[in-house]
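The structures considered in this document are given below.
The following pair of complexes shares a single chain, chain A, combined with chain B in the former and chain C in the latter.
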Partner chain A sequence: MSADAMRPPSRSGPSEWMRRNLFRTWYDTVLTVVFGALALYVLARAIVFVFVDARWEIIEVNLKLLMVGRWPSEELTTIAVAVAMTGLLIGLVAGLVRGRQVRAGTAVRPSIGSRLADLAGRFSLLIGTALLLLALTDTAGPWTMAIATLVAGVVGRLVGGWLGSRFLPRWVTRLGALLIVAIPFVVFFYLNRAVPLAAWEGFFFNITAAMAGILLCFPLGVLLALARRSRLRLLQSMSIVYIEFVRGAPLFVLLLMANVSLEFFVPAAIAPSKVVRAITVFTLFTAAYLAEIVRGGLQSVPRGQEEAATALGLSPFKSMLLIVLPQALRNVIPAQIGQFISLFKDTTLAGLALGILDMLSAAQVITQQPAFRGQGLIIETLVFVGFLFWVGSFTMSRESQRLERKIGVGER
Partner chain B sequence: MTQPEVFADATKAATGSPLIEVSHVDKFFGDFQALKDINLVVGHQEVVVVIGPSGSGKSTLIRCINRLEKHDRGRIVVDGIELSDDIRNIQEVRRETGMVFQQFNLFPHLTVLDNITLAPRQVRRVPKVEAEAEAMKLLERVGIPEQAHKYPGQLSGGQQQRVAIARSLAMKPKVMLFDEPTSALDPEMIKEVLDVMVELAQGGMTMIVVTHEMGFARAVADRIVFMSDGQIVEVGPPEHFFTNPTEERTKLFLSQIL
Partner chain C sequence: MTTTVRSRPRFYRDVRILTWAFQLLVFAVVAAVGLWLWGNFRRNTASSGIPTSFDFLSNPTTFSIPGADFSPNEPVRNAYIVGLINTLRVSIVGIVFATIVGVLVGIGRLAQNWVVSRLSTVYVELFRNLPLLVLLTFIFLGVVLQFLPAIADSWTPLGWFVFSNRGIGVPWYDGISGWSLVGLVAVGGLGWWLIARWRRKVHERTGRPSRGVLLGGGFFVLALVLGWVALGGGITLPAVDGRQIAGGIRVDPSFFALLIALSVYTASHIAEIVRGAIQAIPKGQSEAAMALALKGFQRMWYVILPQAMRVAIPPLGNQYLNLIKNSSLGAGFAYFELTNVTQVTVGNGSPAVPAFFLTLLFYVVLSLVTSAIVNIANRRFKVVER
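So, the complex of A and B:
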């Protein structure tokens, strides 16, 4: 018998795939028909709702309220400038990272076409959503902002790529790093001067609270994780008590407590604003979860790594900072990003708990406007809010997977 | 056959002046005594190979010399510095002692070059350019300069272990400790690592090597130390050791592995 005859017959093609996976047995067929029909029905209803029944004018009319709340119209330019500067920053960092990789020989310089295709693929959802939002506006402002951000991003990328691929004296790199770190603060104070943080509302609040929470909880979470592994008993028990206490309380309860109980301890005159309270609670809450994630990461690094660093004469601090922690954090990227996505969505709780007009609160408020009251438009607004959060979360999730692949180069 | 008296005495260095002095060292893991009254002196430029059945305390002994393990009783002096609870002494000893592990323990998130330059830059404050030039020389010496910009995960086991040796050498140690450096390697890669170690020994490096490679021990060792149950059973030069061992336990061990 020849080898060819012994090989099982291989058939392929869509009909074969369907027969094998959908209609293999009679009950497979029944399940396929029933659930196929159900899926088609739901899909059809969804399409009809989105494109025919839904009255999206409630979103169109209230877009500004949903996005930035009651931010004064004459100060909207401030937001546009801030967003464009953020675009510049992102482009700059991306360019610098890329440039340094090219210089070190760890990345190849791909053609501009494939770069653009890659970017378009990665951020298609984000770009599509931005275009959708732009289509809903009837003023030129948002368009100007979008174009300015795009231009700033491209300029930042080009400048960053140019600088990164060049050898620069150490003081220039240090100064540059300092400037880059300073940009977010500058942007914040620029915005804060126009409209104080306490009055930030809408989706703008959700995004700000999430970003602030992520940035602030990160160092705190890492410190808590290190404290929990510390040999100093006092430090260790303090960390354990904190983590277990915070993880044991519902976030909503903590937010409510921040709202009502702070006045017991702090005079009203110097009590922080609701937005600051919300960010504080988000930070403290997420730090406790992050600490446990990071602890898991620390445990995943083999003991030999620390031993090798120690044997080379590195101090315990440097061995942690340069050898163990980078690997630990890399190993738990998916869990970390999961926690950050969770935080992003949980910012909607601040609306109800603290009475901040975040995007979800705004979505409920606008259904009570005289023009829309009693028409059951809450579904439209909730779908819209849910969609924007999904776009943000999904983009974070996908970028985290990409990050994991990128820095997994040295995986053993 | 007469053997030079000095080679059979663990408390005297076979060559040169004493660099490492281990006297009356005990080490416990809980109730288990891993080292029992260990005495060993290693001289400058001497190569000592430690052999013995697994669990006999070979690794524990060399891990005590750079304080990866803390000995419970006795004294360990490296290059005139006694290992005590003083962290500065410990750090100083670690700077002078290179160690190569069975599992390589390269840092997977750093390139080969960064693995080698990390300690000189962080501990000895060598400028980057200088450290990298030195690292390239060392990679040249272990025969893999072309791998400098790769990550450890992209190298074979033998190449990784050679990088690990280069990484230790970058600190310009006075003594190199090898903890079963070839035990995790595929047979065809053992030779390339042993070759580097032979070259190192011929270059005058003081070495303590825990290994099962008897060919290496025979060719390179000034003295062989046989350990069993946490004790040093017999010490002697290779020719004595392999042809005419005195202790019964040594004979038994050699008959099992040769």
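So, the complex of A and C:
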């Protein structure tokens, strides 16, 4: 929007704006003064803390511990490669979506400059945080990783855009879809070979556990939702019992149970490590919530869709798989992102319940190091940890709101 | 030409039989997994001699619970009850605080006052996107244990409160029993309700102002004060007495931290619900209220909020459920609620599986009761359609 359009009509200048929005009545004035003073005070204290008082050495020294725990230094390249591959995947998917939009003629933003500006604006916090983290490191590795990820993302985006805007033979699209689904598993096994899953720690654990939980819970969650909606009484009641029981139980207690009582139910030979336990609990827990989300999505698809599919001669199974479910899942993407955010935040519980050295636990542990003990540095470390979680959740929730507006689910 | 029409298809094409066969198959798989787990459990507990019954509930507790009148010789059963009460205590107070703050912030986000609406937005976006455990750890380790002064130089604002890292002293009632206090509140509340009903009838019949809140509330306060004095009640103020807080009631630091974290976190979610609910009310309602010359507060209180609450009740109930379940995090900060009691008693030799199963059952029942209450409220406030 140009500066001229932003300017309010000449009759109401800044003083008129202030009169209307700050000092309309006497109690408005009181509120403005009291809360304004409070906000300024807190802001001033926060600025002084961050830029003057805080001793950020503890973060600088322990950055690796916070990010990836005790991951062996010589294996750090695996993480860099994995992150770059994730960048490639994201770029590929974004490119494909964009290419399809171009082909369908529904793409909105024309020029590349405005699209880049839009992206930079939307992810400015994320980019800023990444730069901050890079600035805190003193080795070349993270920089290489960031640049490689950026390049991989751009390459993926270009390839995806090229592929998406073309009409491709069916076998190519199928192979491509298979590849895209396979990349996360390849990345996982690649990482797992370098350092077994049981030793994944730090922020890396928080992120991977949340992603694993949300991906793995999908089959079970969708099946539970379908069972709950079906007319098959036995399946329906089994699904209801599961969903309501899990939703009534606190995640923290379930994690504690996985910690102390799983040995009794599973032979010792296959008793999994703590990280696997945490991911299993996250998966089973999130499946119940996802089932309710998907159920809402299924209800949002008009009955006519299913009837039309039947009229076209599709079997009930095919009409569900090809007609109803895609629309249902698409309608609830924002709710799914919301569930992912809450799982991302809840991965911190695994540290407390299972003794995994996740980022929050690491933040507490490092204040006990001889160089930093007893100096009250817990505030610095917790502010840092909280900031990283906050940036992630905030960016995702804003993107999900944007998507919600775009899909228009909330409009109905 | 005639074709024979079978009245029923063959059994392997009969939909009714097929669906049941499918369901039984799924059930059999689930049951098989369940039986396998159960068999492992029986075998493992038998070989290690760990009891599987609930007899451990009668064993002595062997640990003490700070802040409760509880001796280590009492059976584990009583520890569970203390834990349950503590869970309920922090949950109920937390729900009240979170609702008040959440509704205020939710209204604040829509306020015309720029400062208020911006601050409310910052509040919501800040706390909604922070993990609760990070917030709780920060409040407990960072604020309560670090910023609150030692007991010797504690703050005593107005002489009514004592803030120290040993606990927070708050004025409390004294001289009368809790039950007579409940009775007084009940009598006052009943009077308020009767007076408000009578005044509303008068108002509807004659059009004179009802003043139900003024008269009813006046009666409530009067009944409380008079009853208090008649029963010989008083107030004790907290004071520092050596290394202790004497008088008043001492709020445990862990309780305080958990309460603040739960309230602040849940309030940010409630604020979003309230905002959404208010925005769901058609603008015409607010304009009509303005046309009736209702003032800002009246417009909110009599026209907008009652309708918004109707929309907000189901998601609010969800948040209350979340708060109750999240109170289990108190276990990490030495607050003796249900989960902590279970953890400690398991650590002291109670069998883990029955102990945790019992806890889980408590939470599920609590959730079911809460959602039943929410459903009743929802039905009560729903629009009665013709």
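Quick note on the criterion: the second predicted complex is superposed on the first by the 384 of 412 C-alpha atoms of A that agree within 3 Å, B and C clash if a C-alpha of one lies under 4 Å from a C-alpha of the other, contacts with A are read in each partner's own complex, and residues count from 1 in each chain.
Note that in this section a contact is a pair of C-beta atoms (placed from the backbone, for glycine too) under 8 Å apart; a residue touches a chain by one contact, two chains touch by 3 or more.
Keep in mind that what you see is a predicted model, and the values were worked out from it rather than measured.
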{"item": "Contacts of A:A46 with chain B and chain C, given as first, second, both or neither", "value": "neither"}
{"item": "Touched partner set for A:A249, first chain B, second chain C, both or neither", "value": "second"}
{"item": "Greater residue coverage of chain A in the superposed arrangement, chain B or chain C", "value": "C"}
{"item": "Partner chain in contact with A:P326 - chain B first, chain C second, else both or neither", "value": "first"}
{"item": "Contacts of A:S261 with chain B and chain C, given as first, second, both or neither", "value": "second"}
{"item": "Which of chain B and chain C A:K345 touches, first, second, both or neither", "value": "second"}
{"item": "First (chain B), second (chain C), both or neither touched by A:V172", "value": "neither"}
{"item": "Overlapping contact positions on chain A, where the chain C interface meets the chain B interface", "value": "none"}
{"item": "Contacting residues of chain A [partner chain C, same complex]", "value": "20-22, 24, 28, 31-32, 35-36, 39, 232-235, 238, 244-245, 247-254, 256-257, 260-261, 263-267, 341, 345-346, 348-349, 351-352, 360, 364, 376, 378-379, 382-383, 385-386, 389-390, 393-394, 397"}
{"item": "Touch list for chain C against partner chain A, complex", "value": "19-20, 22-24, 26-27, 30, 37, 40-41, 44-45, 50, 112-116, 119, 125-126, 128-135, 137-138, 141-142, 146, 321, 325-326, 328-329, 331-332, 339, 342-343, 346, 352-353, 356, 359-360, 363-368"}
{"item": "In the complex with chain A, residue positions of chain B that touch it", "value": "66, 68, 91, 94-95, 97-99, 101, 103, 105-111, 118-119, 122-123, 149, 151-154, 164, 167-168, 171"}
{"item": "For the chain A and chain B complex, residues of the former touching the latter", "value": "104-106, 302, 304-305, 307-315, 318, 322-323, 326-327, 330, 407, 409-412"}
